[in-house]
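Two complexes are shown next, each including chain A; its partner changes from chain B in the first to chain C in the second.
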Partner chain A sequence: MDLFIQSLVLGILLGGLYALLAAGLTLYFGVMRVVMIAHSAFLILAAYLAWWFTTNTGLDPLLSLVVTVPLFFVVGVFVQRVLIARLKPATLTMMSVLLTFAIALTIEGLLGFVFSGTQRRIQLPYSGASFEVFGARIAVVKLIAFALAAVALAALYFVLKATRFGQSLRATIQNSEAAALVGIDTKKVAGYGFGIGLATAAVGGTALALDATIYPSLHWHWIGPLMAIIVVGGLGSVPGAAAAAMVLGVSQSLLQIPMGTTWAQTIFYIVLFATLVFRPHGFFGGRLAQRF
Partner chain B sequence: MITSTRTTRSIRSWVAVMAAGGLLTLAGCGIDDPSEPGDADAGSDSTGGGGADEEAIQIGISLPLTGDFSEPGKGVQRGYEAWASYVNDNGGLLGRDVELTILDDQSNADRVASDYEKLINQDGVDLVFGPFSTRLVVPAAQVALDYGFLFVEPAGAAEDVFTQGFTNLFYAAPAVAQDHYNYLADYIEAMPEAERPQTAAYAAMDDPFAQGTAYGLKERLEAMGVETVVDEVYPPNTTDFSSIAAKIESSDADILVGGSQYQDAVNLIIALQQLGYQPDLAAFSTAPTNPEFAAAIGDKTEGILSPTGYTPEATYPTNAEFVEYFNAEHGSEPTEDEANAWTTGQVVAAAVEGVGCADPTPECQGQLIDWLRNNEVDTVVGPLTWDAEGRPQGAHLIQQYVDGEITIVLPDDAKEADFIYPKPEW
Partner chain C sequence: MRNASDTAPTTDTGAPTVLRVIRGIQILAVVGAVVGVLVFPLTGPGPFIMSVGVVILSYACMATGWNFVGGFTGYISLGHAAFTGLGGYAVGLLILRAEVSPWLALVLAAVIVAVLSIPIGFASLRVRGASFVIMSLALVLIMLLVFQSWSDVTGGSNGMRVPRPFGPEVLRPEQHERFYYLHVALLVIMLLAWWAIDRSRFGAGLKAIREDEDKAQSLGIPTFNYKLAVYVISAFFTAMAGGLYALWFGFLDPIFQFSILTGSYMVLMSLLGGIRSLFGPALGAAIVGYAIEFFKAQYGDTQFHLVALGLLLGLVVLFMPEGILPSLNRLLDRLRPSATSIREESAEDLATKSAVLVGDKEGTP
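Entry: the complex of A and B
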């Protein structure tokens, strides 16, 4: 089959997963100016819960979402109300890096303690299954992960665009002081925004677990590329994160053909560097990031 | 003056308290010093026997118990602990128990160096054993060399290990990485030319051991005319193998050689399965011998092969005893990682018994090194001797999944089943 077409399809599927994994990360910053280093640790936690669920029940890991999505939402609200809200506004962004770094280390330690450092992988009847479309082969697990990403991002978009809470959230993202002046409870919005961010981590972690080997320290591998995606997309912009994720996923996959794996992985950082030099607020960030 | 006297009294009182505290601490050290190696407080794990603690031979080890190499790292840990417990059950070494202090380097090369610094400098161990993987062995061996310690290691097989002037290093396995696939290369070379594979794809982790195994075979195959159509090197932290798999699938290579550890081999195989690629031969270094391998790739293992330096069925003098002891302890037969760790113990023990000392002094460590340079050691992987750089002078067996079991297929005089070629579909 044509390597270019195959790589393009793989890049699109990978981009979808990246978009899902990065969505929550940009939301935290958009609503609260919080740099959430622990987002990828929560992803790995969700992946472990999916693995644990399947290993112990024999059921499909997707069913674990019924529990993990609301659970992560509640944990997100809790983390925001109990920990993040205590940080002083003047140093919020800087201190959030340190605080969430500590949360990430704590989650990694707990995962190591509970599940050990052994690498885990969910073995499903359809793990190696695939089908062919127009000469390109599509793995079932990758398509499921992509579909999960599409559904979660569509739901997030719907919540942001079509609900009253979404309007409040967007207003808070655009100008939290003005939003407070018109009567929006920005503290409540911040808590729910954080909860939604972690709920996307539950979906993302489960999608990740479908086709990856997981271990407690894996989150360090992810946080760099995810940060690059939200910076390139524009801090606080969910559509920006999705677009950047797709561009970077496809670029990485296509560049792998001539450049090899090692160099193709540097695309994130090359694009990040170029973005910071020529468009520091990202492609969709607008004035929000400039204020930061 | 009054103030001065009070101050003097106060100082005297503090000195008295500190002195009393110090004496109590010293007395405590004599009974059970918590800073001694092997103490759980030091973040270590110990395996001691029934002998008195102060007489135990302290052995320091750093292993990748978490991170990229955690699977094989824990195998090596099981092997070391089984060996220590076996030695203690059988009268110890020089009549003394052995006690292990095992630190977790998290598969990190910086961490492994500081671990051995701590073991030698702070914990004052008598001997050290090597860690797992070439990437960790090299910095660890450098620390051991700096302190003049004998350094026997179970898993640093890449050529890089033996070209850096480590005069204290000995690899406790039958062959270096470059030679692991020699029997397979011999087999392919002996095939009629029309039946030989024409093209080969190589995917190797950016790791001296993993690359060493793959490129050792690549050199041999290219010399006999097998064209290289993919030669891909990936970073150790690679998690998505779909693009590499697409390249290999697109090349339609006759055979696939993976220079791999455990996790990357599993991910690559599943990515290749997803793309429907079916090679005539699929070889992966180390991963297929891992007990978790079959479960990880969904039992589609038939025909996958791997070089190995060990088999539980080997008839070497001490092997049956090792297998029986390990089986009784763990309820399973030992793997290659566990056997190599046990072999490391056997090699060091032979030197210690040969010289009659086990302490960190330069004299004793020098004698241990000299003894190994000039003697052959019988181990569970066969009799071992080394060249001046520490390379063992032996060969690896070739194992293959046959009827769901990993089985020796090459060379002919050691085989338990016939070599399968071409490989059944996965």
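Entry: the complex of A and C
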């Protein structure tokens, strides 16, 4: 029973991180019909920057967010304006997959070049600390990572719901032609949307760096589950992605008890497969999600 | 008749000569390439160069296999490495566990993978664009997971040794030469199959799907069946390419067999050469394959080849999404006297043509 509670709690903590990253991923698709394969490569890049920051300054990796979040936002706007915007609308989705795939490869290669393929891990004063709640032992770093993800997700929710920009963003997600007709500058929205998406990768990467061994090709390990989550949640739906992330993260964690760590990962693909067969547009997305 | 009026404006004066010249250039290029490929082993390259030749031909087979789906339907699969990997492992397992002869194993493996691809295609082809690509990516990731973890059967991360079909007494250079020609033979079979589909009603239907799937469907093309059929054909050939490579290389490691990189090579090669043309993927394979081997030899195991691959793919997507061969053809087009002499088939033409043909078959006007 203890093991069950332990796994459940760990699953929720992991699900929070998945939710943040999947929300970013689904934002690109919702606003621009772009499948951003490089999202997890940027995640690993942020993790490396956090590691580099802490190793060289001795300061807490969370402080690196002050630099990485705005930096990633600007890079996101830049990537959208300079690269993605060049693609023809007719083949945008397919070509964006390949273009962002190319970006992912380039980042992975550069990371390997600069930091070498050696596995890295941040050493923190509180690295080994943990405490017990209801019979479940929780590592402090895991809780901080979850809190970070929760704060970022809440901020994202606030931006989407309460600001004027969020309103235009949601309008663009719902119907970009209509949004343009009522005077929303959809190009600008697309750029900022991309920037916000990448900013979530900066937060996620830092959260990841607190508690994981990182290496350049780690992003392939993340992209599969994240992609599965956004399809299951319904492409373009932020709440759908968050819900699917939580459900799948917890399932993965619970399945580790009977199946072991590796096999438990298959849950993402099994659910993805089943979703495509029985509900191709996912659980929250509109019919639209099938088309692109 | 629409066709008659469309071909009518051809300017007769001089046009046929120019067309013949263009045709001549094209034939000459193909014949030159064929002779070059066949003669290459006779020029006495060392075993290393010879092995690079085999690798490039293997890439050409994979890319051409990929192009059955990518070229005809426009569905970009990033996960075709799942099929080469499965083909390789199926060959290895059939030889080792079922003691089937290697060549029979090669054919059986391709058939098995083709059968496996039916449910996979059934799930992934129901969705378009993004979901399809994600599904294809997931496919190769799950295969990696399964083959790494299921060590009782697959040898797990330790890999699997596949016995050499020509026996240990055949020396390495000879081994390379035989497999070189075997790959050429497989490539020729694939090209013939692609060519046949390209000219068939089935092919016209597939291309209509590529241009506008909804319209194709509304014109009565059984789009799902067509997509599934070509997906299975593609899986069959891609698996056979993977199996032949496994027989040559003699060792399987899940990390390399089910690698996202292998799948992306196929896409890059096909795109670079031109997915709409018969020889495009093979040409792309020659260029990219050579570049990969060059980077590996030059920069060893640094991650530099990833950067090079990434930049190249990015440039192709941004500036040459049509590929080299279509661009060259367009260049030749400029020589042509008037654009109307040879009519490009537009999306609607393809759809109508295929629908009319489908209609004919069913006895409706």
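In this section, the second predicted complex is superposed on the first by the 287 of 292 C-alpha atoms of A that agree within 3 Å, B and C clash if a C-alpha of one lies under 4 Å from a C-alpha of the other, contacts with A are read in each partner's own complex, and residues count from 1 in each chain.
Note that a contact is a pair of C-beta atoms (placed from the backbone, for glycine too) under 8 Å apart; a residue touches a chain by one contact, two chains touch by 3 or more.
If you're wondering where the values come from, they're calculated on a predicted model, not measured in any experiment.
In the overlay built on the shared chain, the residue A:M94 is in contact with chain C alone; chain B does not reach it. Look at A:L14: by the touch rule set out above, it reaches chain B but stays clear of chain C.
Of the two partner chains placed by the overlay, only chain C lies in contact with A:F29; chain B stays clear of it. Which of chain B and chain C touches more residues of chain A is settled by the count: it is C.
Looking at the shared chain after the overlay, A:Q265 reaches both chain B and chain C.
Applying the stated contact rule after C-alpha superposition, one finds that A:K142 touches chain B and leaves chain C untouched. Of the two partner chains placed around the shared chain by superposition, chain B is the only one that A:S253 touches, whereas chain C remains out of contact. By the touch criterion defined above, A:G117 lies against chain B and chain C together after alignment on the C-alpha atoms of chain A. Shared-chain residue A:P216: touches chain B and chain C both. Chain A residues 112, 117, 216, 262, 265 lie at the interface with chain B in one structure and with chain C in the other.
Considering their complex, residues 65-67, 70-71, 74, 106, 206, 232-235, 237-240, 242-244, 246-247, 249-250, 262-263, 266-267, 270-271, 273-276, 295-298, 300, 426 of chain B touch chain A. Across the complex, chain C is touched by residues 29, 33, 35, 37, 83, 86-88, 91, 93-95, 97-99, 101-113, 117, 216, 220, 223-224, 227-228, 230-231, 235, 262-263, 265-266, 268-269, 272-273, 276-277, 280-281, 289-292 of chain A.
Per the touch definition, chain C reaches chain A in the complex via residues 74, 76, 78, 122-124, 126-131, 133-135, 137-138, 141-142, 145-146, 148-149, 260, 264, 267, 271, 302-314, 317-318, 321. On chain A, the positions that touch chain B within their shared complex are 1-3, 6-7, 10, 13-14, 112, 117-119, 121, 123, 127-130, 137, 139-142, 211-213, 215-218, 221, 252-253, 256-257, 260-262, 264-265.
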